[in-house]
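The structures come next, written out as structure tokens.
Okay, so chain A shows up in both of these, paired with chain B first and chain C after.
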Partner chain A sequence: MIDWYFSHIVLIQSTFTTLLLALSVQVPLRAGVFSFAGVGCYGIGGYLAAIGMVHYGLSTATAILLAAVAGGAVAYALGLLIQRLTGLYLAMATVAFTLIISVLVVNGGDLTGGASGLFGALGMLDTGHLLAVVVVVVAALTFTELGPLGRRIEAVREDPELASAMGIDVARYRRATFAVSGMLGGLSGSMTVLLRSTVTPDDINFHLVVLALTIIIVGGSRSWIGALIGTVIFVWMPEVLAFVGEWEDVVYGVLVAAAAVYLPGGVTGAAVDGYRKYRRKRREAAASPPDAPPPQQAAAAVGGDS
Partner chain B sequence: MTSSALAGAGAGDGRDAEAATSVLRADDVAVHFGGVKAVDGVSIVLTPGRLFGILGPNGSGKSTLLAALTRLVPLTRGRLEFEGRRYDRVRPHTIAARGVARTFQTVRILPGRTVFDNVALGAESAGSGSKAERGRARERVRRAIERTGLSGKERHRPDELSYGHQRRVEIARAIASEPTLLLLDEPTAGMNRQERDDITGLLADLRAEGLTQLLIEHDVQMMVDACDHLFAMNFGALIAEGEPEAVVRHPAVQEAYLGTQGRAHA
Partner chain C sequence: MAQHILNAVALGSVYLVFALGMALAWSTIGILNFAHGATFMFSAFTAHVITQQVALPMPAVVLIAVAAGALIATLTQVLAFGPIMRRATEHRAAELRILIGGIGVAAIPLAIAERVTASAPFGFRGSTYQAQVFEVFGLRMTTTVLVIVVAGIGIGVGVWRWLATSRQGLALRAIGVDSETASLMGVDRATLALGTMATSGALAGLAGALLTFQLGAIAPASGDQLLIKAFAIVVLGGLGSMGGVIVGAFVLAGAETFVLAMNQGTWVDAVSFGLIFLVLLLRPQGLFGRKEVRRT
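Our next item is the complex of A and B:
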């Protein structure tokens, strides 16, 4: 077991950091906000942590905290700026924000290391630290999925006008999701960089947006569990599919397409739907008398088989 | 049409006196969508503890007026007051906090949530911070479910309910917030006679408890039987108001419903 852990430590740690990145997209999506601002904040967090450690000698914890707070603040400001946008227009604006961050760091001179990026930002991080951060984040998100807050967020997603009529400040909830998304992105970016010790502009590009979105499409957007399932699938897939060699991208594409077509709510959505159908059948079975004929036979018996 | 011209249907001349004690007052409210005057210059006053109704043919502006009263559509012009406080510039979510609850013309409930959760959404808008408040909210949910005849269906989801029961969930959600004013947009649409009678009985009970209500329905007889005061609208304007019997006999209302030819045959 210990051998297995050490031979897969990169994948295990990558699972935690990628989960935080996926959550930075899942949180706004759960509130009906089609935003990828968290991916841009991943870049902000990564670079801030690297700059803090390389240029200013910050401690690992301070660098991560700074990255999370800055990510949240920038995303909140972005949310204020584009709060009137919805749907695809909002998504495009946030993708543009991510691309702008990558352009800025290329042109950041000595501060960001330009096109070469920054090196030597090795943080004092281990798997235990990552696990602790993920557990705290998941506990907080679980709280937002349950009870009154979960209901309100669902109302904001499903029917903003109804939510307003119920006294819910929809704009405030949407801005809050931007801030949380930015914090999660900042956390993910900073921890990824401090594990690798390097950050380059190539680390913040469109493929991160695609990765986060596909994780959520396959896993499901309604719960952090969907983000976890999607993350495990996509982080570990190269390891599992090593035997297919160059066909790996084809399998990846087929998997995403199949999920989009056959699992509109992702793996978690399908599981929830299945459970509800099972519960409904049980309730109907409990409501009908034990010796009653099945509905089709009963209808045929009274001539109502049309 | 001015309010004085409408008084012939029995509204009386006491608008100013009524306004002083009004729950809601709308003055010269207009909602225009480009060149379409969905609501144009409507003034109404709702006094406490009464059941008001809005009649009018399809497209007459009833639902748009309700949306304007709850700030879900912006006013082109006009002034709104709730319990003496002007609110035509506040954001929609603050209206619910002040005590205005509403149902919608089409069923709008959370599809993935149970009956209990949907009703709780209304109860929690009245505050659910402390443990005691959450307990009170649960009690409001329980009572609203019981009053709307949904007992035993708390754990059902909307797709497991009939249309009539989904309507009841909307009503339960609205009354669970214990509002001062309840706005109901066709609450009995899609219900059978028995269900309609149940809902009419519930509205009468709520009125007896002092709740002010504004009801939109197409069933004229039901409106006459249930309401204390009717407003009639056509083409976005108020064409009559007053005692229900007088309003439905008003020539402008008959014209709106039957047309000139229909009135000649009637």
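Our next item is the complex of A and C:
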């Protein structure tokens, strides 16, 4: 067990940081905001933490805190700026924002180290710290998924007009998701960089956006559990797929495309649907007496309330 | 100066052919195909593999790339986008899943090409085509540039007029406005979608072959970059306006060439990203787009 832990420590740690990155896209998506600003804040956070450690000698905790706060602030400001966009347009505006950051840091001179990036920003972080941060984040998100708050967020996603007719300030919820997503992105970026000790402009690329999105779609976008499942799948897939060797990326593509076609709610959505179907069958079996009508008719009768 | 303008026109023509394919599928059948860049790259790659075996003239190479592009896009439609559109209940959910499906599909040709070429750039060195250099009014021109500009502008104007005047063009635009009403009017949506995707893929293949002839070689990863540039072009011109795509392609190429000519090479990519951002911020419907009337 301990041997296994030490030989897989990089994968374990990147599971935690990748989960935070995925959550930074999942949180807005759950409120119907299709934003990748969190990925841009991942870059901002990573660079801020590295600059703080390398140029100003900040402590690890201060650097991470700074990254999270700055990420949240930048994303909130961005949210104010582009709040009238929706759907794919919002998505592409935030993708453009993310990619502009990588161009900015290439041209940042000595402060960002230009195209070769920054080195030697090794933070004092271990798996325990990561786990603690993730547990706090997940606990906070669970709180937003339950009860009246969870229902309000669902209303904002499913029907913004209805939600505002019910007295929910839709725009405020949308802006809040920007801030949360920026904080999560900043956390993820700063911790990733402080674990690796380096950051380069190439770390903030389109592929990162794609990774975050595929994790959520394959795992399921309604809850942090989906993001966790997706993260585990995509972080550990190279390890599991080692037997297909160089064709790993082909398998990856096929899996993602198949998930888009056959799993509209992701793995968690399919699991929830499957469970409901099972429950309904059992209820029907219990409800129908031996000489009851054939199951098809019973299903049609119950089908109305599904 | 004039040389820079010529370069910008050549670059813009390639952008135009590529972005036109993307805009065609997006503004009519509502498919923003994220595998468009991979289609572009893999068509050129297919032609590259064949020219390694047989020495072919330029038109044959271009034809192979066009056919490969059409085939890839048709397969994408049949295997991924078609099933998604049939299964999805509402448009917004389908949009997102088409995006993801495209991303997944795009990973497959990219992985194959990177595996075969070891991520190194590839070109058409096996082709019999030799570019002729000649001077017109003191400008250095090659036959490649001439072919690209003529093909780009010809196809750009052709697609634009076809969509605006022909019967199929009308049917396609009707789907773009309201697909349900269109199908009530007798528009066969599935068949048109397949044809549109094939055309769109053929345009990607053409752009792939032209750019590879122009640059000598392209890298397997170049498709992704071009995808975002094409998005910038469509957004700038306005979704649904083919004339806007023509303007957008040359504006972007001109701006990028200008930044390069100013010796600010590291900022070139920021042009397209910044353009997307600014246009969406200031004029979300683009230069020539109609304002979208959509609830919420």
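Definition applied: the second predicted complex is superposed on the first by the 283 of 306 C-alpha atoms of A that agree within 3 Å, B and C clash if a C-alpha of one lies under 4 Å from a C-alpha of the other, contacts with A are read in each partner's own complex, and residues count from 1 in each chain.
In the analysis below, a residue touches a chain if its C-beta (ideal position, glycine included) is under 8 Å from a C-beta of that chain, and two chains touch if they have at least 3 such contacts.
If you're wondering where the values come from, they're calculated on a predicted model, not measured in any experiment.
Q: Figure out whether A:276 sits in contact with chain B (first) or chain C (second), or with both, or with neither.
A: A:276: touches chain B, not chain C.
Q: Could you let me know whether more residues of chain A are touched by chain B or by chain C?
A: Residues of chain A touched, chain B against chain C: more for C.
Q: Once the shared chain is lined up, is A:120 touching chain B (first), chain C (second), both, or neither of them?
A: Touch partners of A:120: none, neither chain B nor chain C.
Q: Mind working out whether A:148 is in touch with chain B, chain C, both or neither, as first, second, both or neither?
A: first
Q: Can A:128 be said to touch chain B (first), chain C (second), both, or neither?
A: Neither partner.
Q: Where does A:57 make contact in the superposed view: on chain B (first), on chain C (second), on both, or on neither?
A: Once the two structures are laid over each other on A, A:57 reaches no partner at all.
Q: Look at A:109 in the shared chain and tell me whether it touches chain B only, chain C only, both, or neither; answer first, second, both or neither.
A: The answer is neither, since A:109 touches no partner chain.
Q: Tell me the contact category for A:158 with respect to chain B and chain C: first, second, both or neither.
A: first
Q: Let me check the overlay on chain A: which residues of chain A are in contact with chain B and also with chain C?
A: 159, 161
Q: List the residues on chain A that touch chain B in their complex, please.
A: For chain A paired with chain B, touching residues are 148, 151-152, 154-155, 158-159, 161-171, 222, 276, 280.
Q: Using the touch rule from the top, collect the residues of chain C that touch chain A in their complex.
A: 32, 79-80, 83-84, 87-88, 92-93, 95-101, 103-108, 110-112, 114-115, 224, 228, 231-232, 235, 266-267, 269-270, 272-274, 276-277, 280-281, 284, 295-296
Q: If you look only at chain A, which of its residues touch chain C in the complex?
A: Residues in contact with chain C: 34, 81-82, 84-89, 91-93, 95-97, 99-100, 103-104, 106-107, 115, 159-161, 206, 210, 213-214, 217, 246-250, 252-261, 264.
Q: Which chain B residues qualify as touching chain A in the complex?
A: The contact residues of chain B facing chain A are 70, 72, 91-97, 101-102, 104, 108, 110-113, 117, 120-122, 124-125, 128, 134, 137, 157, 160, 173, 177.
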